[in-house]
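Structure below; questions to follow.
Labels run A, B, C and D following the written order; every chain starts at residue 1.
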Amino acid sequence: EDYIPKHNTQACETYDHFLISSETLSLDRACALVRDDSAGAISTFEGTTRNTFNGKRVLRLEYEAYEPMARKEWLNIVQEARSKYHILGTAMHHRIGEVPVGQTSVIIVASSAHRADAINAVHFLIDSLKARLPIWKKEILDDGSGAWKENEAINLTVHRPVSH
Amino acid sequence: EDYIPKHNTQACETYDHFLISSETLSLDRACALVRDDSAGAISTFEGTTRNTFNGKRVLRLEYEAYEPMARKEWLNIVQEARSKYHILGTAMHHRIGEVPVGQTSVIIVASSAHRADAINAVHFLIDSLKARLPIWKKEILDDGSGAWKENEAINLTVHRPVSH
Amino acid sequence: MISVKLLYFASARDAAHGLSSETIELEQQAPATLQSAVNIIRQRHPNMEAVLKTALLSLNQEYCEAENTQDILLRDGDEVAVIPPVSGG
Amino acid sequence: MISVKLLYFASARDAAHGLSSETIELEQQAPATLQSAVNIIRQRHPNMEAVLKTALLSLNQEYCEAENTQDILLRDGDEVAVIPPVSGG
């Protein structure tokens, strides 16, 4: 059985980075926070603003967040991820303000010794973010109208622990 | 039902990028190849050289590839991925030669309208690569010894299509 | 009297005509519960009724679990937010 | 006579004492099959026996599916590779 390097089961801001910012996001910067010589795998997810919704043309998305609660709730979510998966480090960066078409609204990264943990953890993390984090987006269409979106119901029970 | 933008079911080197190189790999460069205004999600996987295996310290990995066959087999793999998932673009970059501890040996990226397709496609692609692509790595330990590795048996049937 | 801060996000802020936060005073002995805060919100912002149908509430930056908001006692300095259905990511 | 190129990767190359490729001549009418090429490999590189136990073979850069290598006919210019268990990624 392969040696599993140190991995924290306790979520902690030293290893679980959280950033909400109106600046453009960078995948490289997020990945740098989770790189580790004991990692064999880094998995990432980027959410980007799509140019259409229901056949209508989207100009941009506008995001707002209840930041102190998002930070608390995110640590809860990462805690759950760490109970299911062997994770070395994570980072979650979410943009607020205007995010034009093609640009990135959220980045989630995770590192682990083995690939299944990193890939499954990121999937769990983005699904949990979309279900639970107090962040909202308004979709601005090319006819000038804007509507607050509501994420679809997400079944989080499908995310089972990785067996080693 | 949300409009699904153009996605090719046919693997094609215009949308499915393949690179084997001895140069260092770049996640940003790989992602740039799959970005698309109709994408809502980009998922990536990076394999990196770990510093331990079975409690022994690893110095580096050395990779070699049967490149023309790897290219053919990769297109077959992407074809299968495109039959299971709605994918806009993919890129697979694999490094050959020496890959020191902490550096990246492989990058796989995929873009899609919706996150489940991108995340599940990347998971399928890395599992398939490890099972099928004619690439080999030699693990050099700190005692100077080197051994050709063999990837563990992988169950590819767990990768089911995403339901829309 | 105790002071409680109310926060309105997204469609809740729209229903409060752009007001993102306000502080209210509650009679602690009444008792001061989450329900009493909600009642005040309803009185001050009639448009909030529709939002409250699908929104969750938070207390001090944690989701409120209780079925019955009258069971949750408020204390001086508490922060309550109206959390419409989220759409992060 | 037909020319067939043989490629040896990883542990197969080690078993061939560092030889990564060679070209052999086969008598087409013998018939020239994948099995006859494997026999030549065995004769020239005795250490290859152990590798062949777990290796796959490829013909013209595609995995060989056939159970029986004597059923696969070779043609002039074909490329055969010994593919030890892979370890990409």
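Criterion: contacts are C-beta pairs under 8 Å (C-beta built on N, C-alpha and C of every residue); 3 or more make two chains touch, one makes a residue touch a chain.
The structure displayed is predicted, hence computed values, not measured ones.
Participant: Strictly by the touch rule at the top, which chains does chain A share as contacts with chain B?
Facilitator: none
Participant: What is the chain whose Cα centroid lies farthest from the Cα centroid of chain C?
Facilitator: Taking each chain's C-alpha mean as its centre, the farthest from chain C is D.
Participant: With chain centres taken as the means of their Cα atoms, state the distance from chain A to chain C in Å.
Facilitator: Spacing between the chain centres: roughly 27 Å.
Participant: CA centre of chain B versus CA centre of chain C: separation in Å?
Facilitator: 48
Participant: Scan chain A for residues touching two or more other chains and write them down.
Facilitator: Chain A, residues with two or more chain partners: 47, 126.
Participant: What residues in chain C touch two or more of the other chains?
Facilitator: Residues of chain C touching two or more partner chains: there are none.
Participant: Name, in rising order, each residue of chain B that touches chain A in their complex.
Facilitator: Residues 2-3, 5, 27-28, 31, 35-55, 101-102, 113, 115, 118-119, 122-123, 126.
Participant: Mind pulling up the chain B residues that touch chain D in the complex?
Facilitator: 47, 63-66, 68-70, 72-73, 94, 105-106, 126, 129-138, 148-151
Participant: Show me the residue ranges of chain D that touch chain B in the complex, using the header's touch definition.
Facilitator: 7, 9-11, 14, 54, 58, 61-63, 81, 83-89
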